Structures are given as structure tokens and as C-alpha cells.
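Have a look at the structure below, then the notes.
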Amino acid sequence: MKLGFSPEEEAFRAECADWLNVQMQGAFADIRGLPGLTEKPERRRDWERQLAAHRWSCIGWPERWGGRDASIVQQVIFAEEYARAGAPNRLNHVGVELAGPTILAFGTDEQKARYLPGIASGDAIWCQGFSEPNAGSDLAAVQMRAELRDGKWVMNGQKIWTSLAQFSDWIFVIARTEPGSVGRNGLSFLMVPIDQPGVTIRPIEQINGEAEFNETFFDDAVCDASDILGAPGDGWRVAMALLSFERGVSTLAQQMQFRNELDAVIAAARANGSASDPLIRQRIARAEIGLRLMRYGALRMLSNADRSAIDGAALTYKIQWASWRRDLGELAMDVLGQAGEVSDADGYHFPMLANLFLYSRADTIYGGTNQIQRNIIAERGLGLPREPRGAA
Amino acid sequence: MDFALSDEQRMIADTAREFFAEQATSARTRAAMAGDGIDRSLWASFCGEMGFAGVFVPEHAGGVGLGMIEFACVAEAAGGQVAAIPLLGNAMGLAALLADGGEQSAGQIEALVAGSAIAAVATSDQLTVSGERLSGDAGLVAHGAIADLLLVIASSEAWLVRSSDAGVIITPHATIDQTRPLATVRFDEAVATPLGANAATAALSTGLLCLAAEALGGAQAALDRTVAFSLERRQFGRQIGSFQAYKHRLADRAIEIEQARSAVYWAACALDSESVEAEIALPAAKSFCADAFFRAAADMIQLHGGIGFTWEHDAHLFFKRARSIQTLLGSGDLHRERIAALVLDRAA
Amino acid sequence: MKLGFSPEEEAFRAECADWLNVQMQGAFADIRGLPGLTEKPERRRDWERQLAAHRWSCIGWPERWGGRDASIVQQVIFAEEYARAGAPNRLNHVGVELAGPTILAFGTDEQKARYLPGIASGDAIWCQGFSEPNAGSDLAAVQMRAELRDGKWVMNGQKIWTSLAQFSDWIFVIARTEPGSVGRNGLSFLMVPIDQPGVTIRPIEQINGEAEFNETFFDDAVCDASDILGAPGDGWRVAMALLSFERGVSTLAQQMQFRNELDAVIAAARANGSASDPLIRQRIARAEIGLRLMRYGALRMLSNADRSAIDGAALTYKIQWASWRRDLGELAMDVLGQAGEVSDADGYHFPMLANLFLYSRADTIYGGTNQIQRNIIAERGLGLPREPRGAA
Amino acid sequence: MDFALSDEQRMIADTAREFFAEQATSARTRAAMAGDGIDRSLWASFCGEMGFAGVFVPEHAGGVGLGMIEFACVAEAAGGQVAAIPLLGNAMGLAALLADGGEQSAGQIEALVAGSAIAAVATSDQLTVSGERLSGDAGLVAHGAIADLLLVIASSEAWLVRSSDAGVIITPHATIDQTRPLATVRFDEAVATPLGANAATAALSTGLLCLAAEALGGAQAALDRTVAFSLERRQFGRQIGSFQAYKHRLADRAIEIEQARSAVYWAACALDSESVEAEIALPAAKSFCADAFFRAAADMIQLHGGIGFTWEHDAHLFFKRARSIQTLLGSGDLHRERIAALVLDRAA
């Protein structure tokens, strides 16, 4: 156990930083520090293709598929330098961090050849279709149907909370492929091209006036018979594996964003004098402690050689960051006072901290509510009895 | 000593609740949010047919002649529907004018009771007075952009300013709580009528009670709606309201709301009986109820899951109103510090 | 709805205060301000007999049974003046406030004549035997057995958390009188003399070094066949009614004690300078608000004419005061700092505030834990589904 | 960059955990509580057979020659059993003497490593120095009544005082945490040996890490025991651990304990690598871990129900230890204020 990096690691860091800074201060200066994910999608695509052209798009993947076989520490370093350089959030986060590793784990050679190059090159943006209006956090309650007809999977049903579907080329879904099946059985993991008449996307406006999420409707939408990962009926197992990739090194890039947010709160407190309020000072100290502990928690999670073991740091990570960010939003508003409640934008658009205050209410819900997270921690982490399911 | 609502008070509370439930619908409130933050037709009925604007105004001054308990019942009902009306400014303006009691007030009281004039309140310590003219930054004013009359409170003095005066500069802002939009008000030698010595205190007391009661109503509504949702919505094959974590969280909200209710009635009684307890009851009620509302509204979002943070669902209306109540007329920390000063700093 | 009292009520207040002050500054000055319940039990008995001699022992009871038919407001006034005069906590709280009203509600005339005079006169101290080691908060899981044999109920089993059993003459218990019954059925409410060979009392030492609670063992203990309230099998219903009396006017006397405790914290903060710490100031303000709201909550609860309706103020009262007092204990220790952790007494005995810190951990447990209280509030107050019972 | 325990570190942690589980039994701890707050035989084994007292002492000074990570593993294990040993004073004393590095320290280091001398620490700003003599109130000292050596820290300077010196007056007190009883120490021209410039900082850093690690061990043990109880105990016909409110509360404790673990390892690493991060890591670890322990121990009582607040059950040992860790070497508020000063007050 040690802090700090070896000379080789520092050299790798310099290489990352140099390349990223040249890009962000040169050809891509126009999207440096771009917040969120919805602005300037075409420039983001250009940037992700540029990453790919220099083999920086998926460095943790095998070289065979466009990666660099980078170690965890190297991935940590790249993620940190990526954020530090002001490079924008990745449109294809889902493709690179979730779909790719799952295809690498479960795909046939043909499937790897079909999907991975597009992800690696930045040409194919992916999104995730797990939640449904009547299923919420309960994947076993999925109702969307798919049946094999004339060499195609034909799908009918609805997904919800599909972030970035409007910019995506592919969506992976969990669908019920065994008619009459219930619960975890009879589900399959299908990969579906979005640009087809059977797929309709409707944006969902959120509490903060933006629309990052969508409803996605499937009306006789189709994909090839071979666009299935694992065997028919294996969907639950594949989905669970995919979700385990969610706690990868990208968490550290996310933390760089949190750092920026906390720094903005600190700057606001210094600017308006609330930095001298002992109550605000305590809360800023707590936020600072929480962010530092998130960092070392993430490093513990990534350093855990035996990733299959139940890992307390990994199990508790989602609720930690979501709660931290929700609390930071409230702290930000208390620092700003009433002045934080107004904006001079046209329409309902607020500056970063007020937007954080509003949007962070979603953080504790999507990707498994805080309540679901506590169930998982209690059941998988502490070995307490499972919640009984009611009659469906 | 009696701490239950009388039958008449209960009737007023029921009438107000029905009025807002029927009239202050989500669709109408959202139309007001997209506009200037007031449902004018609702406000007209509130002042006109219902006579609610004059609930605590003496009959000789054109009001209903009841007291602060009844006013709290009305404000609670308005808060329960997040109604887009300028109630806070109206009540504070009336309280100030009644305290002033001067001849020139009578006409303005009448206008505010009838709803033919809208009042808003600026509190600021950045103003300079010269003769009867005010200059300087009056800060952010709720419903400031639609007000006819501005009640200005500075250092425990109160003035009245007509917003149509040439020296009044009002800049509206997009505001998180669109049912109570804020506007920046500046004065440049604006003509100001000074009000009597008790006007500022009366207005602030009424304002704190108004916010506390609105928050109580909002918190109760947020809880009720979440309970109803939890009985309809099923997940994991069960009503989600059958999950104990859900139940206990709602129980915690119910506990706070019961305390909030005691706080509002206590503060209203203290004002009605002109008790010295008001100096602790009002900051207690405002800070406690605002926080209880905020938690109830935050839990409303959280416990509705994904739908809870969409624009389409009403949860965000409650959440944003709760936040604006927390900051209006001073933060919770500020009011608790006032109580601490009363408890800790007076001679033993 | 109004604060303040009528001239008649103020006159009654003066009468109470006059009599109580004469006592507490005269013959009973030696027990004025005596804390807790375990010190000087004989003098406490003398005092409770003196109350009875002047018809102050149970003023809310009918005149026929030694009371004054006092109104709720009068009871409130007496409770406040009682505490203000420094009169000590009542040994026979359970007899006067719980057993008495329940006997008045369910007893036959013969039973009233048998039990009430002793309670009213202070000669018969009562305690409560509901909890059992394997039942805890779950009254339906009571295992203690009683069978009718030769005109006597013969009891075997064990009760726990019987406060003040060591000073009591009578204990009422819930026992299983139908062999083989389960849950709420087959239980009966029995009243048992304590001074008999079949009843053994063992004190339970607590976290603070004191022993207010006991285990009570029944080995062929007996009471008369007529020492049953309601019919055999009615025990659940009688017990529930009894518990509803727990939220009577005595809560206001208890609040006078809380007031003293908060005043002690305020005095300590002023004495050691922590009164100038903004963090402490906020917490003291919260404590002050909480105590005031408890008062008005209790008054709302008592003013509620329809006592049978589900009353939010009543449902939430226990968890309010227990949580308030637990928080006050923590605040007290933070005000005192490390100096609060030591005592110069012999053995393990601590001054009022440190003792409060320790003992208040029991407040959130006995009489229904905070968790049980939240269940009750959610189920009875909000109408949410009941917790499922497992297989017994 | 590597943030997992090495195999060797894991082995030390396991050995320490087994040692305390076997030796620091409830019965032995309670015997120490009824006496002077030390299990002398446990302490002898700790220093002797196990060599734990010297875990971070260089080999040339008679120690094991490992670092702060390994020390944290040992302190964590001690905390997990609420062991009645003078670990805090020992570690702080050794850190101060090692930082001093002077010739005269060697013998005292040897004595502390061997357990033939017991050290305790006084921190006070009420002392006056005259020549090499100290006078004044040194405050409350953990295990002060059984100490041979007193490390005195005042205004970032450090001295060593023999408690047998005529100018040392020690008054033991009944203490809430009987496993770490406090004594008032006063000096009346006591002979004091000044230590080198870094001694105070080294001692305080080590002390904060010791308390944080003990708190982590205590919190984890409180959680583990409560989980075990919740699987055994049935109420309402179910394992009480099957109630969701129970599960979520324990989950919250588990979340905090994971953060506490990160905090302890971070602080230990920062000390081992002499990183400037230590100035934030140490107050962060101490304040966070102490609070996490307090909540875990409070929940241990609460979730055990009635048995949880009896003297007979061990829950109160954890609870009282948690409280004493909160106040030792400065409150959580104080340490958070230090962090706020670093974050807010240094030049932008």
C-alpha cells in the first residue's frame, strides 16, 4: 500500500498530459471544459474519433481491439489527466466502459469483430436500455418482448431513462424472449441499431429544465438473430456482469468533475464572505473529507486484485458519491443564499451550482436508488436476509 | 388554554383547502409558471368571492375580522397546492398598513383586501434615505415584477413605495421557484411613504407565519401524495409502501410535520394573544417548518423514483417552493441564531 | 385555540402552587428536587400518602375513588406546578396513570373497590409486567403461562424491564391463559400481589451503573381468580387500552424535567464559554425549539376532544421526546467536553448531564423502540401496509 | 500507487486480530475496568511475545522496523476488542522519542517497546516553563494514573516528565470509558526534559492515527456483532435482521465504515510517505472515524433493544470508548475547522 507513483508511471502521466493538452489547447479548444453531455454533439464525436486515431479511446482494452492493454494504474492516470486537461465527458462512455468489456467477456470472435471496432473508433455510440416504466429498479420485472422471426429478433415494448439515446447508434436492451417467463428467467441481452423505423425516442424533461434522459419505444423494431450476447435466456447473467463494470476507472474522471464543483463552492464562499461562517466551514470541511475518501475508496476498489470477491469499497461507492453530490448541491445553495436561486438566462437554465442542486436529486435515483443500494449492501455485503418479493 | 382548532376555524381551513384543490390545479399553476408567476384568476377569486385576503383585517377596515390562526389555515391551504399567488407580499403589506393605522393607509388596505393592488416586500440594509426618498439596492423581491406596491423594510423601519414611481427599477429573473419569481429592485430617489413604528415588526411577524404555514401545507401535501403513490405503485411484486425503509422514512416526515403543525399554531396563538413568546415562536416556526417541508419535498422526489425528477411530475414544484421558503426572510441558521441569542445571551 | 389561562384556571394554579410549596419547603424539603426514582423510597411513599391525604394523588379520577374529576386543563396546571415546586417523581406513576384508568374503564364495581383505594391512598404501588426476554416489543409473542387452579391463577414465566418492581406491591401482567394459543389470542390481563414466595425480582444494572429495571420471575406465583381485568382471552384489548393512557398529562410533568435538563446544558455552556460557539448555539436553539414543540404537541394531544381518533400528535409523541432527550445528552457532552467524562464519586456514578447522556440511550428503546414507533406511525397514522409476520 | 494491503500487512492484521480476540476477552476487560483500567497481562504479551509496541520502531532502536500502515492494523485490532491497554500513550511517546532521536531517548524507547514503562500524554496550554521545570494544570490524561512517563505537549513543544517526580500531582477520576480512565495531572515545578523540534508533531500525528484506527476497529466490531445478533434474534416471528429498517441502518454503518477504512489507510500512507497530505488526512481520519464509531456503537445499543443498554452486555463498552475517542486530542468540530482553514483560508 502506497501513495504516489513510480518513475515509469510518472512518465506515462507526462505522455498523456502532453498529448491531451496539445489537443485541448489546439484543435479542440472550442470544447475544452464543456459541461454535461448534450451540447455540441458533433464536436464531441470529432473528438472521440481523434482519441481513437491516437489509440487513446479505450486504453484498457486489448491491443487487438484498439486498446493498449493498459494497467489499472495507467487507466487511473489517463482518467485523471483527461479531466485535468479539460477534455469533455465522453458521449460513448457506455460503449467503451460497459458494452465493450461485456462483449469482450461474453462475445464470440465474430461478435467482437462486429461491434468492437466501431466503439473503439468512435463511430458507434452506444446507450443502455434496461429500465422500463413498470420495472424501475427491478430488472426481473422487465416486460419488453422479443421473438425470433425470419432470422431477426422482433421487439415490442418500451424502455425509459435511456440517457443519450438521441445521440446513439446502438442500444443494448434486456428483453423477454421466452413468452410466459417471469423474473430472471427467459430474459436475453440484445444489441439493437437505433436508426430504424421501429425505434422512437422521446426526450424526458427534468427538474432542471434539461433533457438528458429519454423514453425509447420499440414497435416491431428488429436486430439480427446474431445480435444477442450469451444464449437466449442468459440475459440476467450478462446484465449483472455489465453492471459490475460500472465501477471502473471512469469513476476517477467523474471525481475530477466533483473536485471542480467543490472548488466552485469554495470560491463562491470566499467571494461572498460565507467562508467565515463557522457552520459553512464545517460543511465545506465535511465535503472535502467526503471527496478525499471517495478517491481513496475508488483506489481501494481498483487495487482489489480479486474483483470477484464482495468488496465493501465497491458495494458502497454509488451511494457515497450520489449522497455526497446531493449534499454538495444543498451546501452550494446555502453558500449562495437567495442569489443562487436566480438566473439571467432566457428560459429555465441555471448556472452550474444551482443546476447541480437540482440535477443531483436524480443522482440518488438513477442507476439504483439509494434505497436499492442499501438493500444490496445489507444483503450482499452484510449477509442479511433478502427482501421478500410479493406476488407479481 | 385550549389548543384545538374551533369548529369555525376548522370550517375555514376546510373551505380554503377545497378552494385551492379545485382552483390551483397543476395545469393552472404551470401556466402561471410559464408566465409571470401569478395565476391572476385564482388571486381574483381568493380576494374576491372568498375574501381570504382580508381574513385578519378588522371588519371596520373592510376585512373578515378574524385572527392569525385563521390566516395560518388559509396560508397552509395555499401552500398545500403550491399556489402561484402573491400571498406573502399581500399579508405583509396588510400587516404593515394595519400597524401603521394612518389615514392614508385605509385606501391601500382596501385595495389589497380587494386584490386590486398587489404588494411585494423588499428587505435590505443597503438603502439610503434622504428626505422621503429611497436610493440603493433593495435586493431580490418575491413577485417583485408584478407588484403595484412595494413594502420596504430596512433596519426595523418600513416604507411604502409605488412601483410605478420613476425612481423604481425592477429587473425580473428566471427563478428556481417559478411560482414565486424574484426580481431585483433598485431605487434611485424613489418617493417613499414612511409607516408607523410597529409596521416593520408586524409585517415581518406576519411574513414568518405565512411562510411557516405555507411550508406546513406543502409538507403535508408532499407526504400525502407520496403515501398515495406508495400504495399504488408496485415494485418487486409489492406495493412500494410496504417496504419498511419507505415506511420509516415517511414516518419521520410525519413526525416532523406534527411538530411543524404545533409550531404554526403556537406562533399564530402567540401573535393573536400578543404574547412575548412570539419572539421565539416565529423564528422557531419559520425555520422548523421550512426544513420539514424541504425534507418532505426531497423525499417526495426520492420516493417517486425516476418519475420524481421529471418536469412533468409535480414533485419539483414542492421541492423548489420549499427551497424558496428556506431563504425568504432569512435562513434557518439565522433564525436559530436569534433563538440562541434569546436563550443564551440574556442575563441569567 | 388560545394560549394562556382563564382567571378560574389561574386561581386553581395558585391553589396547587400554594399547597405544594408549603409541603416542599416544609415537611418534605428533604426530598425536594430529588432526581430519578430509586433514592429514598420510604420518604417518597410518605410523600405520596401526604398527596392522597389532601386529595392530590389522582386528581383526574372521579371523586368517588379519591379524585377531583379535574379537567384536562386543571391536570395540566397541577402537573406543571408539581414539577415547578420540585416535588419528586412519583413512585406510583404506573398505578395512578396506567393501572387506575384501565381499572376504571374495564373493572367491575367489586374490582374498583378492591384496587383503586390503595392506589389513591398511596398504599399500593404498582408496576407493569408486559415485556419478556423473548418477546421484547412484541406483546403478541408473550409466553408467560397462567392457569386457573383451585380458584387461583397460577403463573409461571418471566417478565423483564419491570421498572420499580423492587418498590411495588402489585404487578399487572399479560399472560397466556389458553394453552396452545398464539399471537394476540388467548392472553389475559392479571393483577398480581408481589409479596409472595412465587415472585422473585432481580435488578438489571444499566449502562449508567444504576438499576431502575428488573427481571421478575414467576414460579407458581398466584393471584385470585377475580384478579383479572376483562374476560379471559381479552388481555390484548385491555393492554392496548392501557398503553393509550401512557400519553396523559404526566407528559407535561416530564417536560418540566426536560426543561431542567436543557437549562443545565445552557448553564454549562455559559459557564465554560461554549455558549459563544456558533455550532453549539445552533444545537441549543434546536433543543429549545424541540422542547417548545413538545409542549404544544402535548397540548394539542390533550386538547383533542375525540381521543379515539388517530391523532398524529399522540402517535408521534414518544419518538419525539425520546429522540430529543438522546440528542440533548449528546449536546450536553459536547458542551462539557472531556471534563464531562469524569466524576469524583466513588464507583460508577456520574453527575446529571453525563448520566443523562448514558441513560437516554434507553429512552429510545423501552416502551417501544424508535423503530416500533415508526412502524406504528406508518401503519396507523399513514395507512401503509403492516409488516408481514414471519412463521413463529 | 497501490492501495491494497500487502500480504505481509494482511498477516500482521490477522495476527493482531487473533491475539486480541483470544486475549482481550470481555471478562478480562471488565476486570481491568473494575481496577485501574489496564489489563497488565495483556499489555505484557502485546509488548513482549507479540512485539507490537515496537511495530513502527526501527530495528536499530529495538523495534520491528515497519511503518504506520502496520501500526494502524494493530491499533485497529486493539480497538475491535476495546482492549484495556495504554496504547495511545505508548505510541505517542515512542513517536516523540524517535523524532527527538537524542542519546537520552534510546533507553526510554527500549523501555516503552518492552513494556517495562508506561507512557501517557498530557496536552495543555495552561503550563508555564521556568528553566527545565513545568508548572500548572496539564488537564485530563488518559491512563494518567498508571503512567511512568508523561509526554507533555504544549504549543507544539514537547517535554518528558517522570510521574514519580515530586512536582507531579496525579488525581485519578471515575471515567465514563473505564478502559481508558482519565486522571488530572498538575505540575508544581516538575523536572521536564525538552524533546526535539519535531517531537510534538510526530506524537500528535501518531496519536490521531492511533485513535482513528482504533475507532475503525471498534466500528467494524460493533457492526459485526450487531449483524450476528440480528441473524440470531427473532421478533414478530422473523429474524430481526430481515426487517428493512434494520438492514438499511446497518448498511449506513457499513458505508461509513468503508469510508473510515479509506481514511485510516490514507492517513497512514501519508505519514509513511511524509506527504503534505498528512495535514488534511490526519484530522479527516480522526474526526470521521470517531463519528463513524460513535454511530456504530449507538446503533449497536439501539438495535440490540433492551439488552443493549444493560451493563452485562458489551455494547456499552463500545459506546463509551467511541465517546472517549471523540474527545481525545480534540473534537470533531475542531479537526474539521482545521481542514476548513486549510481549504478556505490559504491563498487562492
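Labels A, B, C and D are assigned to the chains in the order they are written; within every chain, residues are numbered from 1.
Criterion: a residue touches a chain if its C-beta (ideal position, glycine included) is under 8 Å from a C-beta of that chain, and two chains touch if they have at least 3 such contacts.
It should be emphasised that the depicted structure is a prediction, and the values quoted were computed from it without experimental measurement.
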{"item": "Selected interface, A-D versus C-D, where C-beta contact pairs are more numerous", "value": "A-D"}
{"item": "Centre-of-Cα separation between chain C and chain B, whole angstrom", "value": "40"}
{"item": "Junction residues of chain B - those touching two or more other chains", "value": "239, 242-248, 333"}
{"item": "Contacts with two or more other chains, residues of chain A listed in rising order", "value": "277-279, 282, 371, 374, 387-388"}
{"item": "Pairwise touch network: line, ring, star, complete, or other", "value": "complete"}
{"item": "Touch list for chain B against partner chain D, complex", "value": "243-245, 247-248"}
{"item": "Residues of chain C defined as touching chain D within the complex", "value": "131, 135-138, 140-141, 160-161, 204-207, 209, 213, 277, 279, 333-334, 337-339, 341-350, 354, 357-358, 361-362, 364-366, 369-371, 374, 387-392"}
{"item": "Residue ranges of chain D touching chain C (in the complex, touch as defined)", "value": "139-140, 173-178, 182, 234-239, 242-243, 245-246, 298, 301-302, 305-306, 308-312, 316, 319, 323-324, 327-328, 331, 333"}
{"item": "Sites on chain C touched by chain B in the complex", "value": "1-6, 9, 73, 76, 266-267, 269-270, 275, 278, 281-282, 284-286, 288-290, 292-293, 296-297, 299-300, 302-305, 312-313, 315-316, 319-320, 371, 373-375, 377-379, 381-385, 387"}
{"item": "For the chain A and chain C complex, residues of the former touching the latter", "value": "277-279, 282, 388"}
